[in-house]
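What follows is chain A paired twice: with chain B in the first complex and chain C in the second.
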Partner chain A sequence: MTGLGRGWKRLLGVALGVMTAIGGFVDIGNIVTSGLAGARFGMSLAWALVFGTIGMGLYGEMAGRVVAVTQRATFNLVRERLGVRAGLVNLAAALLLTGLTMAAEIGGAGITLQLGSGISYVIWVPVVGLATWLVIWRVPFGVMERVLGLLGLALVVFVVALFALPVPWQELLSQAAQPAVPPDEGLATWLFFAISLIGSAVVPYQVVFFSSGGVEEGWRRRDLGEMRLNVFVGFPLGMVLSLAIMACAVPVLQPRGVDVQRLEQVGLPVVAALGRVGLLVMLLGFFAATFAAAAECALSLGYSAAQYFGWTWGKFRRPAQAPRFHVVMLAGIIAATALMLTTIDPVQLTIVSVVLGAAAIPLTYFPILVVANDRSAMGRYVNGPWANTLGVVFLVVMVVVSVISIPLLFLTKAGQ
Partner chain B sequence: MTADGGTHDLGVRYGFPHRLDVDRWLLDRQILDVDGVVVGTVDDLELTDPAPGAAPELTGLLCGPAAMGPRIGGRLGVWWSVIGLRMRNTADTEPARIPVAEVAGAQPSGLRLRMHRDAVGTLALAYWTREKIVRRIPGSGRPSRSRR
Partner chain C sequence: MVAGYGRAVPSTSLPAGLLLAVGCAAIAGCAGPTPDGGAYRRQAQLTAQAVSSIVRTATLAAEAELDGRSLAPFSDTTVSDAETDAGSAQTTFDSRQPPDAAADRLRRQLDAPLSSAVDGLQALRIAQRRGDAGAVRESLRQLEADADTLDRLRRGIP
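Right after this comes the complex of A and B.
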């Protein structure tokens, strides 16, 4: 192949990676919290999404850099830096939260299938659970990530809908630029939804999945540029999709006082703007985003436990070579499917899990910050002053968030 | 015996950095066998007093629930040890022990051993889950790889 041809092929590979990162960024947490916040608070909480995405980018880059230099993924660092006891508390919290999130994702995929087929989601939930396990058992990591990430890009339909709707751009921009609590809402509720939006951007499983995925794909120092492009271009563009979901709700749902309690209500603006075709594309996007996230959650369960205990892990291995890793994932999928079959409300479950996820962030991010600063492990790839300043500021804010999130959860009755 | 910190002068003999910070270079690090396969984590250390009054010497790495339980401490730690021991197929109540001479050196991803994973004795649960659960599901022996 000529040099030029190889250059194009490489560019295509990089573009594919970024597009995958965009689609992979959005999950049930983003869909529900953005739709809900847009319908109730307009764009006055857009800052929370931006803040969460900056944090996710910072720590995603650090975790990815640690993987490329030392081949150590997140829970390996957690165990090493926090020790047995604090590490175990951290692991228990991560398994519980990721399990809850996986249940919500499976529920979201089930509801999407119900919207497309008319058959109740309760029938679809075990089907989605089984499909999630099959993906984990059989589908190669790269294929899983690319196919589902690219299908998730169907959510761009929200951006298209935004341009077809009578959007009061001036008003939206001023709401986003000068955030204030809407007159008919309380400060506690407003802050609660701010935390839910931050949590939707930084959910702990995503950094576990991202770093372990780096080990799966064999990242080395030469891949750092591509990794950074995925983080600093892919994640913010994923955030743009979330902002579009939020903005779409403002002209359609807010004036009618729609209180979003079901997944399909988030999609009403798309149907209003683009009709049946829009609906179909949106359902495809919802399904790809939630189904991909269910598989990522399942993998994160296995990654976390295996890295903490020192088990063999990885989708690139035969299941028989990483048996405990696969047993944990199988057990997690069964438990999450069973939880969803109790007909617990997936939207409420999503809100609770993103808020608890935001509360747990310091536990997962602190060891990453410590190791990214360890010159003996990182050499010249150690954290620079920018990464450290921003990383520390973000972590301090997240500690405050962590302290106030649980009281707010009860005070606002999960935002009702 | 438990060591939760401190610096030991064992580096030269075993190819570790000169003065060895136990907390940073040993405890809770991953252990890789001679082929680079993960066999466990350094759950505790075995220190031996060579003579009365002499400084203790690091003689082994300890792995598995029986080593981890005491470090967790409390009732949960006891449960951890007891359940962990029940899941092994030997009557032995001691944790798996890797003599320090079997450690070839430290690499970024963990400690590398000279031994083969089967000789370490930490993989009983892995083999049990493989034979009783994973192998019974079709497709367990086929890789789904796409690694670059």
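Right after this comes the complex of A and C.
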């Protein structure tokens, strides 16, 4: 291959990586919380999404840098830096939250299939669970990540719908720029949904998946530039999709007083703006986003447990080579599928899991910050003053969020 | 819906089991007894608001299908879910014990539009599945009126 050909191939690889990061950023947490917040609070909570994405970008970059330099993934560091006992508590919380999130994602994929077929999601849930396991078992990591991430880009339909709807742009921008609690809402409820939006952007499984994926793909120092592009371009553009979902709800759902409690309600603005074609594209995006996230959650369960206990792990390894890693994933998929078969409400489950996820973030992010600051491990790739200042500020805010999230969950009755 | 009011506990100290309990309690939707008139009025407001939101969701979906802008499985699922949710909201409200005579009056006021909305959603679902555009339009008119009544009642509750 000529030098020019190699250049194009590399450029294509970078573009694919960024697009994958955009599509992969959105999951059921983003879809539900953005739609819900837009319908209820307009754009007054857009700042929470921006804040969460900045935090995700900061710590995603740190985790990716640590992998590229040390070839060590998140839970490896958690055990080393927090110690065995505190690390175990962290692992238990991560497994629980990721399991709950996976259940919500499987439920979301099932509901999307119901919306497209009319067949009850309860029938689809085991099918989605089985498909998740098959993808993890048979499909190579890069193919899985790229194909599902790119299909997730179908959610761009919300951006298109935004331009087809009678959007009061000035009002939206004003709400976003000068956030205030709407007159008929309480501060506690507003804050609760702010936390849910932050939680949707910084879900712990995504950092575990991102860093472990880096190990799977063999990131080295030379890959830092591409990794940073994915994080600093892909994630913010993924956030734009979430903001579009939020903004679409404002002209269609908010004036009618529609409170989002179901996934289909989030899609109504697209139907109003773009009709059947828009609806089909949106359903494809919903399915890709939730199904990809279910697979990422399952992998994150395996990664977390295997890295903590020091088991052999890796998606490229056959089940016989890494049996405990594969058993954890399979058990997680079965448990999440069983939870959804109880007909528990996936939207409420999503809200609770993103809020609890936000509460648990310091446990996952703190060890990453410590290692990214360790010059003996990172050499010249150690955190600079900007990364440190922003990282510490974000972590302090997340500790405050962690302390107030559970009381707010009760006080607002999960945001009612 | 959450069963009760929890003691504030810093989440970082919560063991995983308690986190699960918190999550399950938050999702389970258990309803506790109504302690006083204020709480009953608040419940009435929330119910009126919820059912109005549900009705308007169903009307949006059904209108889109009438205009040929939606797919039948999407509208059918949306309307069926609305019917289930409205019935559930009404049942939950009816299960609350009205604490005094004022609460009895409020309950009677709210009962008619709630029942009408639930019946209307059922009629809409039947008409939609039969492909009866005239009946769908008739149901939509009735449901819009019910939602307006519920909004008016909600605003009027002190």
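Operating definition for what follows: the second predicted complex is superposed on the first by the 416 of 416 C-alpha atoms of A that agree within 3 Å, B and C clash if a C-alpha of one lies under 4 Å from a C-alpha of the other, contacts with A are read in each partner's own complex, and residues count from 1 in each chain.
Here is the rule we use: contacts are C-beta pairs under 8 Å (C-beta built on N, C-alpha and C of every residue); 3 or more make two chains touch, one makes a residue touch a chain.
Model, not experiment: these values are computed from the prediction.
Undergrad: Given the alignment on chain A, is it a clash or a fit between chain B and chain C?
TA: Chain B and chain C fit side by side in the superposed model.
Undergrad: With both complexes superposed on chain A, which partner does A:E226 reach: first (chain B), second (chain C), both or neither?
TA: So A:E226 meets neither chain B nor chain C here.
Undergrad: Pick one for A:L268: touches chain B only (first), chain C only (second), both, or neither.
TA: second
Undergrad: After superposing on the shared chain, does chain C or chain B touch more chain A residues?
TA: Looking at chain A, the partner in contact with more of its residues is C.
Undergrad: Figure out whether A:Q114 sits in contact with chain B (first) or chain C (second), or with both, or with neither.
TA: Only chain C is touched by A:Q114; chain B is not.
Undergrad: From the overlay on chain A, compute the angle at chain A's CA centre subtended by chain B and chain C, rounding to the nearest 10 degrees.
TA: 130
Undergrad: With the two complexes superposed on chain A, say which partner A:A93 touches: chain B (first), chain C (second), both, or neither.
TA: second
Undergrad: Looking at A:A359, would you say it contacts chain B, chain C, both, or neither? Reply first, second, both or neither.
TA: Touch partner of A:A359: chain C, not chain B.
Undergrad: Once superposed, minimum distance in angstrom between C-alpha atoms of chain B and those of chain C?
TA: Between chain B and chain C, the minimum C-alpha distance equals 13 Å.
Undergrad: Which chain A residues come up in both lists, the one for chain B and the one for chain C?
TA: In chain A, no position sits in both the chain B and chain C interfaces.
Undergrad: Which residues of chain A touch chain B in their complex?
TA: Chain A residues touching chain B: 69-72, 76, 79-80, 83-85, 87-88, 137-143, 216-218, 308-313, 315-320, 323-324, 326-327, 330, 377.
Undergrad: Which residues of chain C touch chain A in their complex?
TA: Listed in rising order, the residues are 1-2, 4-6, 8-12, 14-16, 19-20, 22-23, 26-27, 29, 46, 49-50, 52-54, 56-57, 60-61, 64, 68-74, 76-78, 81, 85, 151.
Undergrad: Using the touch definition up top, name the residues of chain B that touch chain A in the complex.
TA: 27-31, 37-41, 43, 63, 68, 71-73, 108-109, 125-127, 129-130, 133-135, 137, 139-148
Undergrad: Quick check on the complex: what are the chain A residues that touch chain C?
TA: 89, 92-93, 95-97, 100, 114-118, 252, 256-259, 261-262, 264-265, 267-268, 271-272, 275-276, 279-280, 283, 344-345, 348-349, 352-353, 356, 359-360, 362-363, 399, 402-403, 405-407, 409-411, 413-414, 416
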